[in-house]
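Chain IDs A, B, C, D and E follow the sequence of writing; residue 1 opens each chain.
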């Protein structure tokens, strides 16, 4: 058994800079680089369909990281992500399609607008906690969608707006591959930003608020300000994800941002691991792809038992629920933990005792 | 990864058509028979040898009325299965995929009959296989205008706050103005409303003679029941998704005298010429027409129009099939639906509907295929 | 009556906390279990009362025997039914319940419900203060009052053995004395066998008949109270006294003696 | 010079009067103990000082400035630090991060700087890390600095909590029963730390403790609360001889 | 005036259905501090069972209802045993997520067994309308109104005085400590889930009688969440009050505000009111407040 009191052998950090680095161990740094290389090379060997799916996963991951900042790290449960994705998508749609701004301006602006609206709906966190706050965010969901579907002159009402893929000069990101790279770069920035955030002052304050808000306040953390800040930062990334999604699917409409979407994002961070940046990514991939794999499964089964098609469709839902529950039962800390366990196992293998 | 989507289908190989079905989602009650109808027709036509020597392969799946799932499923149909056309379903997903099907050049039929799908610039690959919601509403208004006795007819509109619900509203109002019918009130009723008393009472203050409902069965039934409870005198008229056997079942007595827009025939209209094929197919499966409902016929007809487009196609590609559909001229659907005609600048197959009234728990069609034009 | 034999307990399948712990609590006696922080005292109690399972802990070796019957595999509620009741560390009163409802909750496993009123009276008799507070929400009681409530709750179960985990924690000296004298009375008047875990060795040994001292997951010393009180190490490390009476905390900076058993 | 002045504080919860017209002053540089029976209002008093409770009446001033209505986080900025009765650490964070949180008010890095972790943010992080390491050395917790505090044994947690307060370099350090649940040996260690803090860092300390030995040995002055009222104050000696205090709190015979 | 009264009464009777469904949330929350996102599906399963008994097996309604309630109780027990037992002692959020998974499972099962067609109850409640002065109400609602009042009384007494009721409250406060009292947390959960399933089934049967039964009935679960929150998640009178308040607000908004805002505000205003009230009463109208002492 690994003794938790002993540091990884062979690695000594002689100064604090090394000790505070993101990836402290050389081998890990190499592995990260290798993974990155793999992600950049991936479209070369893959089909459009798979690239498209991965793009959706990646966009979801950006949103999930955003939600995790708020819910996983700061402890403020939100069931309003769906609507915030919508705010991001719509802002970008209005800015590009109606005002003719460039995508490259519109997406960050969408993030900011979502962040501001997120912070606005974060105000109840001044007084509300836990599930009560969660319902206040559910209210945000309902109210935002109402406004979107009623503000016809700007949002196109219930029929939504049509967006275009971005361009640089004469190059348009119309292919799956090009949009994939756009997503990948954004995801990397989001990930690194978040990792950094949580090894510095503000991120630490967020976690402190989650763990024990009263103590945090006595340590000099302005609770309300930091909670709003968490809503702000979180919503920023959710907004960016919403905008990216909008430009990818080229449409925004109220029906795309239902409460179901909010629940799905919650599922992502729970399955992935609350308070884990990489967990958010795993969770996003998992929840996005699970229906796809289930469909695959159903399809291959349907070949054998064509008569049972209808039953399989129901079983798909059963399987979806069951997988989530099994996850929670066997690994409540989520995919991130499973990944850690695998790593731990191999690190000490063959001396795993 | 930059392969093109569906290339031309070679002679003798099956033509693949993608299907987006709602089986388990919010509209599963009507989505299921609709999907069955589509599959049934495809099976039927294949049993007759297919079209032009091609069998049709309908590769479809449930997307549970979730747009993101529809998008993923569409990606798969396009990139993995390499389908040449799509049979879609709801308003939301049809909207969500409108741009993409245009980019990917895949003709798209959905069960959503939004007027703006007519707009060829916005949606060059979408087709309307039945009268658009707006046309339905216009025709209803026209019928009111023609049949109302005593003064100007007062009409209320009841719909829900979704793209589907609102789709015909502006057009209906404009048309009413044009022909001199008063739209006196509008009420929004949620798709899942438990109670509509407040809306109906407010509406009743304006004392409309007619109320046009664009809803699904559930909400329509709630409206009718509450109207009966409140003893309203208004004549309710529903567009096509409000109409159907399901409404009578849920609303019971309250649905008596309700008038519905009928875009597709009821299976019990056995005398219709087109019903023979359906009957023949069902017999081969050991089923009867009585087991089926109108939505089954609707799916059947939709698939049939698609097959006709494939038949007319010179090239078995998305583009080719589009051109094939655009060649359909007054396709006789044997009374199962209004005959359809498509051209290069018209993707709306028809603007005709029939009207039916509920008598003794059954929709009885009382008009021929009529139109406001 | 209660026997812990060579018990090994692990948390999270990883952390071995008890490493062959053995002790015995004779019927009708008060036994004190002393030991420094993290020695595994609470863990021992939890292993006895079956509360380990809900904390991801498990008994990997050894057993607990009560009245000749092995109870280490039983669920917590069965252990309580057998007559072993633990007052958990840190009081753990039901904050949103009234004092009286807390007491009723303590009597949950009792079959003879008709006796409850009588026992309630008895608890109020030992702790008159609780009667005054009986309709108050337990979460707002002061620390000492909550401790009384926790012990009273234990009495309501009419256990054969009462396990007390640090009843003096955070309690003012006068009240500590009062509480311990009540514990002694409960033992004497009700005949309840008591195992008390304490940091405050002085007061614990003042009422106990027999004492155990544990370090690092096993018993390092045991004996009748008189014997322990006379032991030099016990004096030094647990009673905080040395040859010259109580040490002055201002002078402790100077030196630290090693424990002999380490 | 008076560091803290508490004037006529009263605090009521519904009908319960937790504090009733309490006044005392704390001189700069002293160790001030607050004692009294359970429920006397000691913790409530600390809560008033650190701003978690707003007194219903009375006022508190710190370094001559009135802070009665000030929010807790602002008081932290002024140099009031606190360790709690029931450990309130951030249990998922490591010891190091817990202590770094103690530096919160002294740092400036914002969201953007933190997220991009560019020059200044990194420099600041390292600089404060040094300060925290000094506290770690001081409390002799070097070997646990990277362990999440949730996994630590009780005694160590208590020590980390004091450490977290120390990292704030407080002018006024409030300790609520830092020795509860400790055995004699551990109490000695903690006593040693408190004395060292006081001597080396020059902090003024307010101590709540039930162990009379500790209180009498360490304190410069003592105040006694009972049922929310101040029933005595003075040097340890004076308090020990005050009949009211003996009756309410100490009892006739002393524990060893 | 009649208009106002009609709207008010409509709001109250609809509110009584909300209250009934909200009770299910409260019961679960009271014993485990978790929100059950599968409440809607519980309701659906119960309704379908009753429907099947009545239509397919021609069992008289009352007998069918009793059988349904028994079945629901068993369902609650099974669900607790199979799905939720492992979450005893785990963080509440995991439990909540598990209920989301559970809702998917139940929805799938419902789909496999009953399909998606809308089904209708044969006439159980008297046809026609009940007239109170000039106001008309459907009989189903009157029934629901009385059932709610009866359940309110029953549960209040149950939680206040019964041994199980006290045990349930104790468990919600501190599971570990409850265990140490010899309270079987498993039993407590099982009972809570069984009761919640039963209450939901009652709600579902009433709803099914109004609008027929299909899978979208389950959506009522989410819709009623604000009701439970408004009253205070752990308060039975709260659920009832919340139900009536939201019912009336909805109805009033529909009647007086919607005409000016083009409709649809009815669905949104309850949420706005909810947030507004929560800002003043952060634990709902009657919810227990978190005791936070340091």
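Assume contacts are C-beta pairs under 8 Å (C-beta built on N, C-alpha and C of every residue); 3 or more make two chains touch, one makes a residue touch a chain.
In this text the structure is predicted, and so the values were computed from the model without any measurement.
K.L.:
Which contact partners do chain A and chain D have in common?
P.N.:
Joint contacts, listed by label: E.
K.L.:
Going by the stated contact rule, which chains contact chain B and chain C alike?
P.N.:
Both chain B and chain C are touched by E, going by the contact rule given at the top.
K.L.:
If I average the CA coordinates per chain, which chain comes out farthest from chain C?
P.N.:
The most remote chain is B.
K.L.:
Tell me which of C-D and D-E has more C-beta pairs in contact.
P.N.:
C-D
K.L.:
Please flag the chain sitting at the greatest distance from chain E, going by CA centroids.
P.N.:
If we average the C-alpha coordinates per chain, D ends up farthest from chain E.
K.L.:
Using Cα averages as centroids, what's the distance between chain B and chain D in whole Å?
P.N.:
Roughly 72 Å separates the two chain centres.
K.L.:
Taking the mean of the CA coordinates per chain, how far is chain A from chain C in Å?
P.N.:
Chain A and chain C have C-alpha centres separated by 48 Å.
K.L.:
What whole-Å value do you get for the distance between chain C and chain E if each is reduced to the mean of its CA atoms?
P.N.:
Centre separation, chain C to chain E: 43 Å.
K.L.:
From the C-alpha centre of chain A to that of chain E, how far is it in Å?
P.N.:
32
K.L.:
Which residue numbers or ranges of chain C touch two or more of the other chains?
P.N.:
Residues 140 of chain C each touch two or more of the other chains.
K.L.:
Would you pick out the residues of chain B that each touch at least 2 other chains?
P.N.:
Expected reply: 23-24, 32, 161.
K.L.:
Considering chain A alone, which of its residues make contact with at least two other chains?
P.N.:
If we look for residues of chain A contacting two or more partner chains, we find 149, 214-215, 310, 313-314, 316-317.
K.L.:
Would you mind giving me the full set of chain pairs in touch?
P.N.:
Pairs flagged as touching, ordered by label: A-B, A-D, A-E, B-E, C-D, C-E, D-E.
K.L.:
Touching chain D in the complex: which residues of chain A?
P.N.:
Within the complex, chain A touches chain D at residues 4-5, 7, 16-17, 19-20, 193-194, 196-197, 199-205, 207-208, 210-212, 214-223, 229, 233, 275.
K.L.:
Applying the document's contact rule, which stretches of chain E touch chain D when the two form their complex?
P.N.:
By the definition above, chain E touches chain D via 293-294.
K.L.:
Please name which positions on chain B make contact with chain E in the complex.
P.N.:
23-24, 26, 28-29, 31-32, 161, 186-188, 190, 192, 194-195, 197-199, 201-202, 217-218, 221-222, 225, 229-231, 246, 249-250, 252-253
K.L.:
Hey, which residues of chain D end up touching chain A in the complex?
P.N.:
Against chain A, chain D makes touches at 50-52, 71-74, 76-77, 81-82, 84, 88-93, 97, 100-102, 104-105, 107-111, 113-117, 121-122, 124-126, 129-130, 133, 143-144, 146-147, 151, 164, 168.
K.L.:
Taking the touch rule as given, give the residues of chain A at its contact with chain B in the complex, in rising order.
P.N.:
43-53, 56, 149, 157-160, 162, 174-177, 249-251, 253-256, 260-261, 288, 291-292, 295, 298-299, 310, 313-314, 316-317
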